[in-house]
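Heads up, the next two complexes both have subunit A, just with different partners, subunit B and then subunit C.
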Partner chain A sequence: MKLLTLNFLTCAIKTCKTNPASFPLHPRNAELEIQEADINLPFLKNILPRLMWEEIRTIARELGLPDLPSTPPTPTDLSISTSSTAPSNPDTSLDTDEPSEAPAGEETPSQTALDLHRLLLETCIQEGILVCGSCGHEYAVKEGVANFLLPGHLV
Partner chain B sequence: MPTYLVRLAQAHESFRKVELRALADLYDVGLEFLTYDEDSPYCLVDLPSDSAARSIISRSILAQGVYELWGQGATYDELHKSVKSISASRWSQYEQSSFRFTVEGYRGGKLAAEQRDIIESFSYLDFQGPPRMRNPDVAFRIFEDYDLDVPTPKFLYFGRLVAESGRNEAKKVYDLKKRHYISTTSMDAELTLLTANIAQVTPGKLFYDPFMGTGGFPIACAHFGAVVFGSDIDGRTIRGTGGSARRGQTGKMDVVGNFKQYGLTSSYLGGFVSDLTNTPLRVPVSASSASGGFLDGIVCDPPYGIREGLKVLGSRQALLENERQSHEDQYKIPGYIPPKRPYSFIALLDDILAFAVATLVENGRLSMWMPTANDEDTELVIPSHPCLQLESVCVQAFNKWSRRLLTYRRLKESEIPKGALEIATKEYEKGTRASDLNGFRRKYFQGFKEFNNMRKEFERMKMAPANDGIEKDSTAEGGLGQKSETKH
Partner chain C sequence: MSRPEDTLPPDLFYNDTESRKYTTSSRIRSIQSSMTHRALELLALTSPSMILDVGCGSGLSGEILSQTPGDGTPGGPHVWIGFDISASMLGVALEKDVEGDLLLADAGQGVPFRPGTFDAAVSISAVQWLCQAESSEEWDTPAARLSRFFNGLYASLRRGGRAVCQFYPKNDTQKKMVSQAAIKAGFGAGLLEDDEGTKNAKTYLVLTVGGGELDGDITGVVRGMDGVDVEDVRRRARGVKRGEEKKGSRGWILQKKEQMERQGKVVKATSKYTGRKRRIQF
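Showing the complex of A and B:
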């Protein structure tokens, strides 16, 4: 499972969901694996406002991964503004601070985008457990597949 | 707006307009149907431009291609007259282009020699460029529409090719017969791709299937560029040790393997094991955080029968204290199987709707399949929710049963009637059987204007000429408690 999934996952126990401590789930004894993936800038931009930034930082810290900045990047931080002043546009003053409007397909991902991509879409938990911070229940991850089925006494 | 001829596949008829409308809406393109008949593969539409036509049709599953209309008529005389009056101003534009002419007949046709004569009869277009069968600059086609066993066509069209669809290629690539890992409940590839189009998948979006089985829907969504994930209560279907319906398969077969086969692993977040009624996904609860949804779309084929194994976590009867204790003692032992109990399909549908309301972003789509018996006595109930607008209903009819593809749009906060969301969310929180709320919801929904418009639309579609039912689905319908299926 790619780490991004942890941005959406919480405890499966209904009464736990309302307790803020149930999110995020805390990975323990995690075996990580990097699975290379094509960078997907439109997706990163789309998903950025839906990231629970503080919690993702916590997860990264708990997994011993490089620290994330304390404030989330903005969509413009994700691509390099190719500030090429088009010769066909001689009137554009040089000190304009408006981002150049490159067509979406030609945008170059910034280092911030590459870092996010590596963390959320290439880093996978293969083995380990996910622990609820509210009730302490442990969900096992085996061969990259997490099991959220609740035992009889917890349904 | 210029008029275009859409050449449709004569299959899944009740899905065809719905698919084109969904794609037009997705690309914010004005689409107006001028002629449409469930019994014909030809329909005329108004579209703003070639590029608009291309963006919709190139990814359509039920269209084969789109042509700029250069003429139409009941006879060749009429057709030529029409070509001269409609398109004469465009001829010079293609004067020097390499070009191709073809003739196609629907339910009939001409011999090659006759086709050559027909093409010759267009020589007044006076194209100077070289004829070229492969990759010409411009391609034209004459369409002959026949009635069965009648030697002369009843109607003719002439058009310039703007775009072919991805239908044939996608059907070939994703054909279940060639898929690495499938099971008895895997849905036909064409229908999964169609569902993805109707659910408005586009690159950059996030889609989820809570009943993913062998991953058919997530794969179709990834094909159109979405990032996807899914889950299933049956861990074997995801891990793949449950085997495959295809005979003679050995080795590891799993959902990841399917994504690998199609080169789509970059778009697959992974799968997990869970019960929809005890989901581990965040379900933003308070009304104020309702726009805290995170899914752009949900597509699924929920379980409904014995084979699909409709069950949820829990025990048939409340556990005794010693039984609870023994679960607690044993659940960490490998091989422990959590107890499951039967559940009502209607309740599950309502659970899915409530889940969708909690997790979809504003304007996000839920596309879900729902089977029903073709039984005159059973009232057709389309599940509803005050925060979801029913966008379309498509029907695939079989002998004794049919299934419908229901597509909903998550309303924006500003569109939701005051108080409706709070009531609905509270009920979800409490875990009330959503079916208990049906009375309330139905009454609520009836007040919606959209619902009445929808009903009118269905009535109108029902008036369309009845089709003859040869290897076809029925016409669309969807009024509550009303039926109009073709009997086979």
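Showing the complex of A and C:
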């Protein structure tokens, strides 16, 4: 399970949902694994405003990962924009053979984007448990799959 | 043709043997793939999005969500999270090394994500399983399951988000029960039928969450699409001006009924499936 997913999962127990402590779930005895994936810059930009950064820092600390900066990156931090040179160079777009294939602003991911990608989309919890900070319920993770099935009395 | 959900609960029906058989059948793969593409067309995503796949099974849809526009996935590649009640199905997905994250979870228990997590959701051939009445537990009735599912789904989508659920309703009553549950949860809902009346008929429940920059009106989603037969569950009522019908007339009653249905209230035709207490509100 990607750390990205952990930034969105909450305790499944209904009475917990209203308690702020039901998010984030806290990993215990976690075995981490890096699973490489292609970087998806537009996705990172899309998801960035939805991240709960303070909670990502908490989880990183709990997993023993290096400290994260106290403020989240901004969208502009994520790319080394080549589009900034495009407007000063309007002729190049006219010269290309297939202008529709190459919209202005083909962007190169910055080191910040690569780091964020590594942390959120490639760092995975393979084994362990996720613990609710409100009710203490434990969700087991096996082979990267978390078990969110609840016993009937907790539904 | 027998309906698998009439035989066993889903986690037992989709055991290791059945999950493997399901996933390797080229007929099933091609049907599920074309329905996923149809759902994506209805979602009309234009950039890489965060998507929930409900009842993701072995990840047949997920594999498509991970593809690029060049491979036929609009706005892709998307990042997706799938959940399913069958550990065997998820096991097959793991073997295939799908790119999305997988969870073992029961849609009838809710959707365990914080509000506004997803841009969109898909569910292919799964929701009819929520309508089964096999359980004797009080919390586990079809109505309660559908309500937990759609309420959870609604909350987990961002404002302006969309969901498309292709499902196989057993009959019109079930179709209605499912759409009413979605509407009651707050969704704008429309039913779309492909190949209606044939044995290949496919039903898509297209759901929108108001707000945000997307067109929250379901008629906007399907406007201008080819071969689409739209059955907007709200449309008839909207066409009639308020107060146009004479109070007490048949037209007036039908209009009232439709208003109530739109608000997700249980009206006569659907009540026999709900055995719970009714709260009449005017």
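FYI, the second predicted complex is superposed on the first by the 130 of 155 C-alpha atoms of A that agree within 3 Å, B and C clash if a C-alpha of one lies under 4 Å from a C-alpha of the other, contacts with A are read in each partner's own complex, and residues count from 1 in each chain.
Here, a residue touches a chain if its C-beta (ideal position, glycine included) is under 8 Å from a C-beta of that chain, and two chains touch if they have at least 3 such contacts.
Being a predicted model, the structure only gives us computed values, none of them experimental.
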{"item": "Superposition on subunit A - do subunit B and subunit C clash or fit", "value": "clash"}
{"item": "First (subunit B), second (subunit C), both or neither touched by A:Thr108", "value": "neither"}
{"item": "First (subunit B), second (subunit C), both or neither touched by A:Gly152", "value": "both"}
{"item": "Which superposed partner A:Leu9 touches (first subunit B, second subunit C, both, neither)", "value": "both"}
{"item": "First (subunit B), second (subunit C), both or neither touched by A:Thr74", "value": "neither"}
{"item": "First (subunit B), second (subunit C), both or neither touched by A:Thr18", "value": "first"}
{"item": "First, second, both or neither for A:Gly144, with subunit B first and subunit C second", "value": "both"}
{"item": "Broader residue contact with subunit A after superposition on the shared chain, subunit B or subunit C", "value": "B"}
{"item": "Overlap of the subunit B and subunit C footprints on subunit A, listed as residue numbers", "value": "1-2, 4-5, 8-12, 14, 23, 37-38, 40, 42-43, 46-47, 50, 121, 143-150, 152, 155"}
{"item": "Interface residues, subunit A side, partner subunit B - complex", "value": "1-2, 4-5, 7-14, 17-18, 23, 35, 37-38, 40, 42-43, 45-47, 50, 121, 124, 138-139, 143-153, 155"}
{"item": "In the complex, subunit A residues that touch subunit C", "value": "1-2, 4-5, 8-12, 14, 23, 37-38, 40, 42-43, 46-47, 50, 52, 121, 143-150, 152, 155"}
{"item": "Subunit B - residues contacting subunit A, complex", "value": "203-206, 227, 229, 231, 233, 235, 238-239, 256, 265-267, 269-275, 278-283, 285, 294, 296, 313-315, 319, 323-325, 327-328, 330-332, 336, 338-339, 361, 429, 431"}
{"item": "Residues of subunit C touching subunit A in the complex", "value": "47-50, 77-79, 81, 83, 85, 90, 94, 99, 101-106, 109-110, 112-114, 116-117, 119, 137, 139-140, 148, 158"}
